[in-house]
Each structure stands twice: as structure tokens, then as C-alpha cells.
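Following: one structure in C-alpha cells, then a few remarks.
Note that the chains are named A, B, C and D in the order they appear, and that numbering of residues resets to 1 at the start of each chain.
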Amino acid sequence: MDNGKSRLEAFSDGVLAIIITIMVLEMKVPNGDDLSALRPLVPVFLSYVLSFIYIGIYWNNHHHMLLLTQRVSGSVLWANLHLLFWVSLIPFATGWMGENHFAVAPTALYGLPLLMAAVAFWLLQRAIMATQGAESLLAIALGHNYRGKLSLVLYAMAIPLAFFQQWIAGAIYALVALMWLVPDRRIERALASQSESHDAGLQNRWHRPRDG
Amino acid sequence: MDNGKSRLEAFSDGVLAIIITIMVLEMKVPNGDDLSALRPLVPVFLSYVLSFIYIGIYWNNHHHMLLLTQRVSGSVLWANLHLLFWVSLIPFATGWMGENHFAVAPTALYGLPLLMAAVAFWLLQRAIMATQGAESLLAIALGHNYRGKLSLVLYAMAIPLAFFQQWIAGAIYALVALMWLVPDRRIERALASQSESHDAGLQNRWHRPRDG
Amino acid sequence: MDNGKSRLEAFSDGVLAIIITIMVLEMKVPNGDDLSALRPLVPVFLSYVLSFIYIGIYWNNHHHMLLLTQRVSGSVLWANLHLLFWVSLIPFATGWMGENHFAVAPTALYGLPLLMAAVAFWLLQRAIMATQGAESLLAIALGHNYRGKLSLVLYAMAIPLAFFQQWIAGAIYALVALMWLVPDRRIERALASQSESHDAGLQNRWHRPRDG
Amino acid sequence: MDNGKSRLEAFSDGVLAIIITIMVLEMKVPNGDDLSALRPLVPVFLSYVLSFIYIGIYWNNHHHMLLLTQRVSGSVLWANLHLLFWVSLIPFATGWMGENHFAVAPTALYGLPLLMAAVAFWLLQRAIMATQGAESLLAIALGHNYRGKLSLVLYAMAIPLAFFQQWIAGAIYALVALMWLVPDRRIERALASQSESHDAGLQNRWHRPRDG
């Protein structure tokens, strides 16, 4: 019955699958036929790995959020397209950073689609919550809150910092990716114990399984 | 049971997802590594944004129309492929317009796949209505009527106008996109109040929710 | 329950959607910004149209055959991949023919993936029939028989004929595409009336609707 | 209900469909218009065939494993992305090997994504088994054991052997592909009779049909 949601998922899956895959096209087949011909590709490869992880994280988070979504509205469809737009710029930013061996400007610019995609993900979350009513989704919205907000702050820091020391920006990008890769439960328990005094009433939700 | 429809959706989602994503491949990674190297890409980026929105609009409208479609026939399959054909030419037209910084001929030509896709969408609508019987789908057909017809007229105007002042054509393309981005309800209520004297019997359908 | 079939369809839809779309990447954005810059693209465009129609036909026929398929086996999966392999070579053949303005060898070679895809489709049909038992699918197998066999013969003729007069091969390719575009019912009724004396017992199936 | 699994399948299908198709883009349209212009493409074509088969095998095995999977967890999602990452490098390795006419280093390197993808497939299998409990999936895990383990050993042998005689590595790659193409039942019966003394209790499962 809720056809709208399944097509939204299918279209998003398609776009994310293409984005994650076309990045590999930036790794142009080198001219030489010995292993040293691969050396200039090392930074391209590293930026591919980083971006693959980022898009994997977006697919993962998108997947979890949609699992808890019952219906989609026109504004959800557009908020979703807005998210896909910024994610679609990651391959370009990846290619520019990789081919210039993590030079200053490309490394700063790499943070921009990441920052905007994080904003877009937050807007999508809000659009879904507006459609659903507050009770069920509010839970995951808050659950992803700490990491989501922290990511925003870190991206916003990384972009200007790249102009001083680009390796700091690179480290921040890697750190944020790592933060999302660590299984939910451990981080969430840690955060929950830290925030106990702050908001005790929400705590028992941390122990609920995520993947229904 | 109605397998035909779900595969039509899946195939269309796939094609539209690829079209919307391969446009970003036109934004070739620049050679320099400072921000000024991005300057020549600005018109390419702008035309990418415009085309992303257009294809988003087509996906959105296709999605809504199919939501109200019960079954598909051979002629619906071909009308759908015909639509996808014209939409598939948008990336080419986008690339030509962007790389030539909105020169006259590319800006005029950009209107051609938009015009033909609008015609193809209208033909698809007719093919679906012929398959379903008139009652349920006639509603959405009429509901999308005003904007659909207006778009056709505006595209047909923009193409010759580009040869006089290409920025007029550009403005028209942006205007049509904007017109479709405004949430249905507001435009529809406005149109409904305008058309009250013209067709009072259809009015109460404007307030029905769209996304089932 | 019959998960195998739906994933086979999803994968095939994905591959066909990509194949039909990447062909447009052969239409490289021209350097000039006036309409005459498009002139060298005309044969590329024409071969794109032809191949778009061919892949549309394959998607359509694949779709209809799978609608009548209940279950898939390992050999069906591989027969399907074999079909997709030959179809995946159509964009290459299209690009070579288009960029060389329908020269002799490229026009001959264009027939090869078409011929092999037709053979592969026939093998897939056989693999599905072996899995299902003969009664239900035999019907469509016979129904598509005339056009399928005729296509094989015509492709096999077009390839050598291209070395004498390449426009004959081109005309044959267009003719076969046209033959598949004509709605099933008309051709089938025509064929049915011709084959009445030959096989009267099967005739009433021609009037059955195809797209359930 | 178990939405997680169907989206995992859809995303994987999308990525694998794109990977299998973009390899054909490495077969660049040649400049000449006679058949001899195709000669330099022969090794590119051969490596395309080999990689097409490999990715077909991965899709096939992925498909079968997921058929027997009831639910997915966060670690399954990441194990799946890890598999797709290594498979996504096959087109690059294919292009390098094909364009250098099976030179030493590219032929050795070609084994690396194959080896890592085989490891990733094994890790995915483990992640799924950890989610499901041991009984149902253990069966297929063991069923694919012999070929999976043998493939790992053969890839690990092929990589260093390529530096002595690259045709040995090429032969091993072709052999492994062939080993997976042979229908399950025959190999499995052969292996089952060999392992009768080793593990008689599991034997009757070899005769069960695979594709439900």
C-alpha cells in the first residue's frame, strides 16, 4: 500500500549505488604496466576509500531512518532529493582532492558537500518527523542527535582549518567517518551514561535493538 | 500480482537515477589545485543544479502518476520509454549549455528535451488513462493540467526567445522549475479559486491529500 | 516467497537501465557553441535512437517473459547473465557505428551483439521452459516465435550484406526494430490468420490480453 | 516486514549492476573504421569477459546466500559494503590488465580484488550466521565451503605466480571462474562422495534443490 516509501527507497538506492560506484571511474587506468605506475594513484585510492565509507554511512543512516518511516509526503520527497544532490557532489570533491594529492583548497572543499549533506540529512529527518507525528521518530531523531550534531561542528571546523594545515582537515574527515563506523550500541551507551544527569528519562531507549 | 507496474517503476527509477547522477560527470575535475580553478566550473555547476531539479520534478510527477495507476499495458510501457528517451538527453543539453557558459544556441537547444519530455509525459498520461478507464486518473490528469500545459507553452516560447536574449530563455527555464517546486496545495488552491467560476464541480478534489 | 525471481528482475532492470543510459555518454558535448557544432553528432544521435529502441525492446520482452515465469533456477540465472552480456556490448557497437558515420565494418559489427542477444534470449526462454514445465510458457514461447526467428534470420543476413551495401544492413536493423514496435495484437492476428490452416488449435490464444 | 533485507538486496543489485556495466566503458570506441581497428581491443574484450563472469558469480552467490538470510544487522550491512568495495575495484584491475595485454604486474594485481572480495564474502557469511543462529545458514556456509576455500588458496597462489609466468595466473583466474560456473549439483556430488568418510552426517543435504 505505502508505495510512496518503497519507490523513494528504490530511487535513493539507485542514486547512492551509482554515486558510490562512479567514484571508481576517477581512478583512471595508468599508462605504464609496472607497479610503480600505480604510485600516483595512491592518494586517489585513499580518497576513494574515504568517500566510499562516507556514502556507505549515508546509505546506512538513510536505511535506518526509512525503516522507521511510515509514510512520505511531497516535502519528504524533495528533502530526499536535496540530500542526494549534495551527496552527488562527493565524487567530484573526491576526485579533485585525490588528483591534487590532498592540496589545501581541494581538501577544504571536500568538507563542503559533507557539511551540506549533513544539513540535508537533518532537514530530511525534520520533514519525516513533520509527516509522522512526533512519538516514534522523535526517538531515532534524538538517538542520532549526538553524532549528527558533532559531525556538523567537525565539518564546519575542518573547512577553514584546511587552509592552515590540510592534514588536520583530513584527520577530521577520517575521524568523523570512524565515529559513524563504530557500532551504534557502544557509542550510544557511552553517550547515554554521559548524558544521564542531562536527560535520564530517555535513557532506556539506548538498549533497544535498531535493525528490526 | 500487478507485477508489470512495479517493474515499470523499478526500471524508470533506475534510468532516472542514472540520468540524474551522470550529469555530475560533466563537472570534470579541474587541473589546478586552488579555488580559482573552480571558476570555469560555475556555469557547469549552475546548469547541473537546474537539470537536477528538472529530473527531480520528472521523478516526482512520474511517482505521483504511477501511484494512481492500477495496471500497465504495452502502450504504457512504450510511452514510458519515450519519456525516458527525452529525459536521457537532458544531461547532454546540460553539458553543452554549461560548458559554453549559456551561449545562445546551447541555451535554446536546452529547451528541446524539456519540451519533448513534457509532451512525452502528457502522452504517457493519456496512455495510462486509456488503460484505466476515465474516472480515477482523469482527476490527477486534470489536477496536473494547468502546470503541465503552461510548461509546454513556456518551453515553446523559450527556445526561439533564446536567439534574441538567451537570459530570457534561462529565466523561463528557472521559472518553470520553480513553478513545479512550490508545493502542490498552494498552487492548486490558488488555481482552484481562480477556476471556481470555470469549473465548480471539480473543486473539492483540490483539498484531497496526494501522497497515499 | 519467490525471492529469486524478483531479484533477477531487479538486477536485469538495473543492468538494462544502465546500458540504455550510458549510450548517451557517447554523445560527447561538442566544442563549438553554434548549431553547426551539432552536425557531426547526427549519426551518433541516430544510432543512439536505434539502440535505445533495441534495448527498450529487450526490456519489454524480458518483462513479458518474466511475468509468465513462476520460478528461477541456477541455469536461468546464468542464461539471463549471458543475455545481459551481449546486450551490454550494444553501446560499444553503437558508438563505433555512430562515430564512423555508418561505415562498412562498424555497421556489420553492430549486428553481432544483436544477433547474439537474440540467440541468448532464445536460450533464456528455453532455460525458463525447462524449469517451469511446458504448458504455460510454451504459449508465449510460440507466441514470440515468429518474430524471434525472423529477427535471427534478418540479423544473420544484415551482417554479411553490410560489406556490400551498408545501408541495406542499416535498413534491416531499423526494420527489425519496427517489427517489434508494432503492437503485438495486430501482428499476431495477421500471423494467426496466416497460420490458421497450419495450426488451428492454438488460434484462440492470440486474442488473449498479454499484460496481466 | 523485514525491510532491511530487501533494501540490502536492492542496493547490492544496483552496485553490482553498475560495476558489471561500467567495465564496458573501458572498451573505448576505436578511431579507425575497419575491423583491424578492433585488434588492440581483443585483450580488453577478453578481460571484460572474465570480469563479467566473476561479477556474475558474485551476484549469483550473493543472491543465494541472501535467499537463506532472514534478517540483517548493522554488521551485515557493513560486511556487505566491504564486499562491494572490493568488487568495485575489479573494473579498474580489469582495465589495467586488458590495456596492457596481460603484462606481469597488472595480471598479478588483478588477483588482489578477487582475493579480497573472496575474503569479504567469507566475512559477510560469518556476519549473517552470527545474526541468524547457526542451524539454517550453517548448511549453505558449509555447502559453499570447498569452493570458497579453494578459490582463496588459488587467488593467493596466482598473485605471486604472475611474476614468474603471467599466463599461469591468467589460467588460474579462468579456472576459478570455470569452477563456479559448473552447476552446483555435479561438483557437490563429486565433493560429497570424496568427503563421505570425512563427514557422512551432512551428506544428504547435497541432493536438496538450491533455488527455492
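Everything below uses one rule, namely that contacts are C-beta pairs under 8 Å (C-beta built on N, C-alpha and C of every residue); 3 or more make two chains touch, one makes a residue touch a chain.
A quick note: this is a predicted structure, and the numbers were derived from the prediction, not measured.
Participant: When chain A meets its copy chain D, do both sides use mostly the same residue numbers (more than half shared) or mostly different ones?
Facilitator: Both copies touch with mostly different residues.
Participant: What angle, rounded to the nearest 5°, describes the rotation that places the Cα atoms of chain A on chain B?
Facilitator: Between chain A and chain B, the superposition angle is 90 degrees.
Participant: Please indicate which chain is farthest from chain A, where distance is taken between mean Cα coordinates of the chains.
Facilitator: Centre of mass proxy via C-alpha means gives C as farthest from chain A.
Participant: Could you put a whole-Å number on the gap between the CA centroids of chain A and chain D?
Facilitator: That pair's centroid distance is 28 Å.
Participant: Just give me the whole-number Å value for how far the CA centre of chain A lies from that of chain C.
Facilitator: Result: the chain centres lie 40 Å from each other.
Participant: Going through chain C residue by residue, note those that touch at least 2 other chains and give them in order.
Facilitator: 10, 14, 17-18, 22, 25
Participant: Enumerate the contact residues on chain C facing chain D in the complex.
Facilitator: Where chain C meets chain D, its residues are 2-4, 7, 10-11, 14-15, 17-19, 22, 25-26, 71-75, 77-78, 81, 84-85, 88-89, 91-92, 95-96, 99-100, 103-106, 109.
Participant: State the interface residues of chain C toward chain B in the complex, per the touch definition above.
Facilitator: Spelled out, the residues of chain C in touch with chain B are 9-10, 13-14, 16-18, 20-22, 24-25, 27, 29-30, 33-35, 37-38, 49, 52, 56, 59-60, 63, 66-67, 181, 183-184, 210-212.
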